[in-house]
C-alpha cells in the first residue's frame, strides 16, 4: 500500500458509495436523497477513474464522462418531478408520500 | 383417397355456430336458439355418420387428420378417433344437442351469450376427445374450463360464483401439473430418440424409466382424477352441479367427467405402463372408496341435485376401478359405464331441471306424489332411477358388472366392496324416487282407501305428511304440469339409448374392444 | 508511503467528510455544501489519476451545474419547513448503518482480494503526452470509438429536458379549456376514490370560481350551454356531442 | 492515435432513426402549433412506429453486423427486441389514444407525451442493439428517464407524482448500483465491450470452481441493478406504486417496454457479457425467479385496485421470465432460455397493454380502477368484458391464448434444461394467479353492474383493444415464425 | 340331446309385448281394455309352455333357442339363449299356469282401479321376467331376470304408490333383495373368475376342477341370492310387507314367480352345491330354521294376508331344507304343489278382502262361511293342503321333504320340520276358523259379504282342484310322475334308499302332527277350550318374540339402517364438508391470508423500498461471497 494503486481509489469509491447508500436509506428529504444518489454516482466515477488509471486506458474516463451525463439527465428529470410534487403537496418528505401502498 | 376431414367438421361446427352468434349481435332470441340447434345438430349428425362409418375391426386410429403446426416443437394438428374416443364423440354431440334443447325455455337472459358459451364448450369437449397431439389435447382440455365456469357462474343459481370459481381453480390446478408432465414427456422422448414430437401414439412407443414414469404418471393422474372426480378430489362436483343450470349439469356429468376417464385410457395407461401397474392398487383403493362413499353421501342428501352429483362420484368410481383393474372386462366395463353414466345421469339432471323449472327449489322435502299429476315425468324418472341403480337390462348394469368383474378378477376385495354398492344404490335411488314421485305431496291427506287414513280415524295416529316437512313458500307439487314435449324430447333419446345399451350392448362393446385390447397389451406388455 | 498516497489520502478524507456531511447535515443546503466539498476533492483526486478533463468536467458540470440546480430547487421548496426537523427514524438509521457497514466489508473484501484479468491499454503517461494530453486523447477516443454514445447522450438529455419541462412548467390552462372558459360553463366529473382527499388546499381556484379538475381519470366536462349543464349533477356524465 | 471518424453503417440504423425522426417531427409540429400537434400527433406516432417496424425488414440481421465500432450490434437479438419494443409502442399509443382524447390533461401536450413514449421505445431498441456498457446504459437510462416523466404526467394527481417520485428515486438508486457493477466488470476485465468481456472471462473462469470475490461482487451488483429494472423481488417495490399512480396508458406502457429494456439488458450483460459466469447467474436468477413469482402472484390476490393488481401480476410474470433465463444452459443453438423470454415479452405486450387498455377504456366511461368498477361489465359492455376476459385468461395462461404459449415455451425451456422445480413452481403459481385473474372475470360476468356509466365513443382505443384481443386470441396458433425468430438468439449473444 | 327350436321365444315374448304395449299406450288409448292383451298373451305363453313341456318331459331332450350375444368383453362372453330342460319345463308350467289364473282373477279384482292399464303392464312383465329366468342358459342371464323379477315386485308391491306403506314395502322388497343379489353377483363373479365361463353346462362340467373352498364360497354366495329372493332367514322381512301390493300380486309373488326363483336357482345349480357339503348343510339348516320361525310368527298374526305370507316363508323354508338335504325333486315338487295352494289361499283371502271392503284384520271377520261358501271351501282346501292334510297336495310334497331330511343325514332338521308342521296346521286353521267360523265380528248390516264374480271365482276353483290333486303327481313317493320327469336333471345327485317303513312312518307322523295342529286351532278358536289370550299371556316373551317377527325388522332398523344413516350423515357433514372440502377451502384461505400478510411489506415508504434493495444486495453479495467465492477457501 505504499505506492498509490487502484485499490486506494476503489476503497475511496466504496466508502463514498456506501455513505451515499446509507444516506438514501436514512434520509427523508427528497432532495438530500437525491444528493446522496449523486454521491453514489460520483463514487462510481472514482472507481472508473481508478481502474482506468491502473489499466492505462481511457475507456474508464470515457465511461465516467457518460456517467456524469447520465447523472445530469437524472437530475433534470428528478428535479422536475420534485417541482411537480411540491406543487401538488407542500412537502419534500418522502415519508409523507404514502398514498400508494400495500 | 382424400377424405373429408370429418373430425374437424364435427369439432368445429359448434364453433362456427358460436361465431355466427357472436357476429350477429342483434339476432332474436328465437334465431339464436335455432342457430345453436342447427350447429349442434350438424355436429351430431356428422358424428353419427362418423360412428356409422367407423370400422370396429380396427384397433388403430381412424379418420385421422394431420398437418404440421409448430414443427420445431413437434406440435402438429393431429386428430383421430379409435374405439375409445368415437363413442365419446357421439355422446358429446348428442348431449350438446340435448343441452341446447333443454336450455330452450329455462334460459331466459343473455340467451345469445349462453349459446355461444355452450357451443364453445362443445368444441372444446370434442377437441379433447379427437386430438392425438398432447399439446392440442391440452389446449382443448383447458378451453373446456372457461365456458363451463361461465355457464355455472352466469346462468347458475344462488351460490354460483363460489361454485364456478371452485370448479375452475380446482380443475385448473390439476391440469397445470399435467402440463409439466406433458413437457417432461416430450423432453424425455426427445432425449431417447432425438425426435421432437407430442404425438400421443408415437410417445407411447417410448421406453421410459420407472422413476420417470412414476412421477409423470402422477402429474397426469392428478389432472384426470380431479376431472373424474375421484375421491378425495370430488368436492367441487356437488357444488358445481348444484349451482349449474340444467344443461350445464348435463354437460358436466355427461361429458366433462368422461374426460377424466378418457384421459386415463388414452394417456396414463399406454404412456406409462409400468407406473400404471405400480399405481393401480392405490387407485383401486380410491375407486372403491369413491364408489361406497359417493353412495353413502347420496343417501343423506337433502338436495336433489347434490344427490345425483354424489351418485356420479359413485358411478365414476366404477370407471376408475374398471380401468385400473387392468383387464379386458374392467376396461370394457369402464367404457360402458362412462357412456351409460352419460345417458342416465344426464337424464336425471334433466329431470331435476324439469322439477326446478316448476318448483324453483331442489329440496327433496318440497316434493311428493308427483306420479299422479306428472305420470310421464314419473315414468322417466323411474326408468332412469332404475338405470342408475344398475338394473340389468339397462345400460348401467352392463358397465358396472363388467367393471366390477374386472375389479374382482384383479383385486378380490375391491370387487366385493364395490359390489356392495348395489345395495346402497338401490336404497338411495328408490328413496329419492319415493320421496319425489310416490306417496303424496307435502301436507296432502291420505286417499280414502289408504289404510293410513283408517288408522288415523280409528286409532288416532295422524298421517305423516307426504314429502316430509316442506318449506311453506314452495309451490304445491300437485299443481305441476307434466313434462312438455320439448322436455320429453330431451329425455326420450337418452331412455332409448339406455335401453339399447342395456339390452344389446354388443355393437358398443365391439367398437371399444379392440382399442382397449391394444391399450391393455401396452400395459401388460403382452402381444395383442 | 509516498507523497502521492499522502495527498490522495488527504483528499479522500476530506471527500469522505464532505460525503458524511451530506448524509448527516439536517439542512439540505448544508448537505449541498458537503456534496460540493466532496466533489471538489474528488476532482482533485482525478488529477492525480491523470484524468484532467474529467476533473474539469467534475467541477463544472457536477459541482457547478448540478449542485446549483439542486440548491436552487432546495431553496424553491420552502427550505425552512423541512421534514427532518419533525422526527427521526432511529430504527431506519440503525438498519442503514448496519447495512452500510456490511456492504462496506463485502466490497472491501472484494477490493482487497481482486485480481486483474484485463489487458492493460496503451495510454501510459507517455502516450497521452504524445498525443497532446489527456483532453486531446480523450477527445480522440470519444469521437472515434464512442460516437454513438455521444449521440445517445444528446438524446438522453433531450428526453430528460422534455420530461422536466413537461413536469415543471406552470399549470397553465390549456387553450381548449381557456377557450371553453371564455364562453362556456365548466363542470367536472366528481372526484372519487383515491383522488378525493388529494384536492390540495394550496391549489388556487380558477378565476371564475369553478372547481379545478383534480385529475385521476376525471375529464373536464364541457357543456355547450348553461341549460345543458344545469340539468346535470356535478358528476353528470356529459360530454360535448 | 489519430482521430478516426468513421461513418457508421446508416442502413443498420434505419429503424431507430425513423423513431427519432418521428420524435423530432412531433416536437417540431408541437412547437409550431399546439393545435396541429394535437390532431396529428397520434397518427404520426403510429405511422412512425409502423414505418420503423416495416423498416426492420430491410436489414439483413443474420449477418450480425456491428457499426459505430462494436457499439451497435444489428443481430437477431436486436431485431427481436426492436420488434417487441415497437409493437408494444404501437399498442401503447393506441391505448393512449382514448386517454388523451378524453382531455384528462388538457393543459399538457400530447406531442410531448408521445415524444417521451417514443424516446423510451428508442432507448429500448438501443439496449437491444447495445454492444458495450455505455450504449447499453444510455439506452436504459433513456428508456427510464422518459418513463419517469411519463409516470408523473398526470401531475395534477398526487398519486401520479408520488408514483413517479418513488420510481425515480429508486430507479436512480438502482442505476447507481448497476453502474457500480459495470465499473467493476470494466475494472476486472479491462473492457466495456460485451463480447470482449466474455472473451476475457472465458480465459480465467473454470466451470465448477469458486470465483474471485470481486467478480462475484460485480455480477451481483449488475444483477441487482438489472433486477430493479425488471422488477424482480426484492427490488420490485416501486412497481405496484408506480403502476397504480401512473396514468393508465402509461402504466400499460411501463409494464412492458421498460421491462423489455430490462430483460434485453439482462440478456446483453449476463448472457452475452458474463456468459462464462452462467453457472453463477443462472442459479441466482432461478432463486430470484422463484421468490419473484411467488411474491407477485400471492400478493396480487390481496389487491382490489386493478392497476395495482396488474402491478403485482407483472412482478409474477417477471418471475416466469426470469425462470426462462435461469434455464440457460449452453448458449448454443437449441438452448431455449432467452428465446422463451423474448417470446414471453412479445406475448406479454399484447395481453398486459390490453388489460391496462381496458381499464383506460373504463375510465373513459367514468369508472374507477377497482374491482368493483368492473362488476357486471359483461351486461353493460359485453365486448369490453370479453376483451378483458381474454387478457385475464391469457395472463393466467389459459390455452389457446397467447399467454399460454409464452408460458409453455418457458416451461419447455426449463424442462429441457432440467430445471423441473422451476417448471413446477410456474404451474403452481399459475394456479395461484388464477385466483385474482379469475376474480376480474367473475366480477365482470357474475355480478350486477354498479356505479355510473357514461357512454362515450373512443374508436381508436377500441380499435387498439380489438387488435390486442384478436392477437391474444389467435397469435398463439401461428406463433411458429415469431418463436423461430426468437430462437435465433444464440447466434447473437454467443 | 338337444333340439334347436325357434318357437320357445314365444313364451317370454308374448307377455313382454303385452307389457310394453300396455305400458306405452295404456294410459291414453287402452285403459280398461288392458286385459284384452295381457290375458291372451299369458295364455299363449301358458299354451306354449305346455307344448314345450310336452316336448321335453319324458323325451330326454332339451330345447334350445339361441337369440343373440349380449356381452362380449375379452373372454367374457354371455349369450342370450333359451334352454328348456325338464326342470325348466316344470317351472314354466307352474309359472305360466298360475300366472294365467292370476291374470284372469285380476280382471275382476282390479276392475275399478285407475291404474288398471299399469297393472296389466307390470303383471305380464313379471311373467316375462320369471319365464326368462327359468329359460336362461347361463348364470348372468339368470341374474338379469332375477333382478328383473325384483323390479317387477317393486312395481307391483308399490302399485298403490300413494300409500306410504306400499311405497315403503316396495322399496324394502327391492333393497332386501338387493342384499341377496349382492352375494349372488359375487358368486357369479367368482364363478367366472374361477372357471372362465358362466354357461350352466360348462360350469357344471368344470365344477370338479374347483377347490373345495372355492366351490363352497360360490355355493354360499349363490345361496345368499336365494336367501334374499326366496325369503329365507334372515332376509325374509320383505315378504310379509309385500302384502301391500294388490292381492293378485301377492298370489303371483308367493306362488308362482318371485320367491320360487331362489329355490329354482339352487336346484339349477345343484352340481355346485353337491360339491360342497358345507354349503348344503347351511342351506338345509337355514331352510329348517326359516320353516320353524316363520311358522311361529304366522301363528301370532291377525292380518289374514300376513298369515298366508308367513306361511309362504315357512313353506319356502321347507323347500330350502329339501334342497339342503339333497332332496332335489321333493323340493321342486313342493314348489309345484305350493304354487297351487298358496295362489289359492291368496286369491281366497283376496276374495275375502273384496267382500269385506279391504278389511284384513281377522279379528273383524268371522262367520263368513255363511255368505261366501265358495270362497270358504276353496280356502279350506288350500289351508288343508298347506297344512299337509292327507291327501291334499301339500301333504305329499312336504312328507317327501321330511323323509328326505331324515335319510339325508339331518334327522334333527326333519324334527324341526315336523314341529313347524304342527304350527302350520295351527295357523292355517286358525285363519280359517277366525275368518269363516263363529259369529261375525263386524256389522253385517253395513257390510254385505258375498262370493266373488266369475272371473275371480273360476280361478279359485281351478286352483282348488290343483291344490287338491297335484299331490298325486308325486304318488307313489319317489316314483311318481314328477320324479320321473325330473330325474334326468338331477342325474348326478345322490340317491338315498328310502324304505317303505320310513315313508309310512314319516307320513303318519306328519299327519298326526298336522291333525294335532288342526285340533288345537279348533279347540282355541271354535270350541274355545283353549284361550289364546291366556296362552299368549303364559308364553309372554316367546309370544311377543313371535308376534314381532322375532324382532328382525326391529334389529335391522335399529342396528343397520339407522346407524348407516347416521354414519353417512356424519361422513357428509364432518368428512366431506368438514375435512375434505375444508382442506380445499382452507388452502385457498391460507394463500389469501399470506397475501394479506405480505402486502403489508409494501409500506408505501420509499425508505423501506430502498432498504429492500440494499438488504437484498447485501444478503446476496454476502451469500455468494461466502459460498461461491474463493474468499474462504
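In order of appearance the chains are A, B, C, D and E, and numbering begins at 1 in each one.
The rule we apply is simple: contacts are C-beta pairs under 8 Å (C-beta built on N, C-alpha and C of every residue); 3 or more make two chains touch, one makes a residue touch a chain.
Quick caveat, the model's predicted, so the values are computed rather than measured.
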| item | value |
| --- | --- |
| Any chain that touches subunit C and subunit B | D, E |
| B-E against D-E, pair bridged by the larger set of C-beta contacts | B-E |
| Central subunit by CA centre of mass proxy | B |
| Chain centre separation in whole Å, for subunit E relative to subunit A (CA means) | 96 |
| Whole-Å gap separating subunit A and subunit C, where each centre is the average of the chain's CA atoms | 10 |
| Inter-chain centre distance, subunit A versus subunit D - centres from mean C-alpha coordinates, in Å | 26 |
| Where subunit B and subunit D are represented by their mean Cα positions, the distance between them in whole Å | 44 |
| Residues within subunit C bordering two or more other chains | 89, 92, 95-96, 99, 103, 106-107, 109-111, 113-114, 116, 118, 120-122, 137, 141, 145-146, 149, 153, 156, 159-160, 163-167, 171, 194, 198, 200 |
| For subunit E, residues contacting two or more additional chains | 588, 599, 602, 604, 606-607, 610-611, 614-615, 617, 621, 625, 630-631 |
| Multi-chain contact sites of subunit A, meaning residues that touch two or more partners | 10, 17, 20-21, 24-26, 28, 33-34, 50, 54-55, 57, 59, 62, 66, 70, 73-74, 77, 80-82, 84, 87-89, 94-95, 97, 99-102 |
| Contact pairs between chains, per stated definition | A-C, A-D, A-E, B-D, B-E, C-D, C-E, D-E |
| Subunit C residues within the subunit D interface of the complex | 106-107, 109-111, 113-122, 127, 131, 137, 139-141, 143-149, 152-153, 155-156, 158-160, 162-167, 171-177, 189, 192-195, 198, 200, 213-220, 235, 237-239 |
| Subunit D-touching residues of subunit B, taken from the complex the two chains share | 69-73, 110, 113, 135, 138-143, 145-146, 149-150, 153-154, 160-161, 164-165, 168-169, 172-173, 176-177, 179-180, 183-184, 186-187 |
| Interfacial residue positions of subunit A with respect to subunit E in the complex | 21, 24-26, 28, 33, 94-95, 97-102 |
| For the subunit C and subunit E complex, residues of the former touching the latter | 89, 92, 95-96, 99, 102-103, 106, 109-110, 113 |
| Of subunit A, residues touching subunit D in the complex | 6, 10, 13, 17, 20-21, 24, 30, 33-34, 37, 40-41, 43-44, 47-48, 50-51, 54-55, 57, 59-60, 62-63, 66-67, 70, 73-74, 77-78, 80-82, 84-85, 87-89, 94, 97, 99-102 |
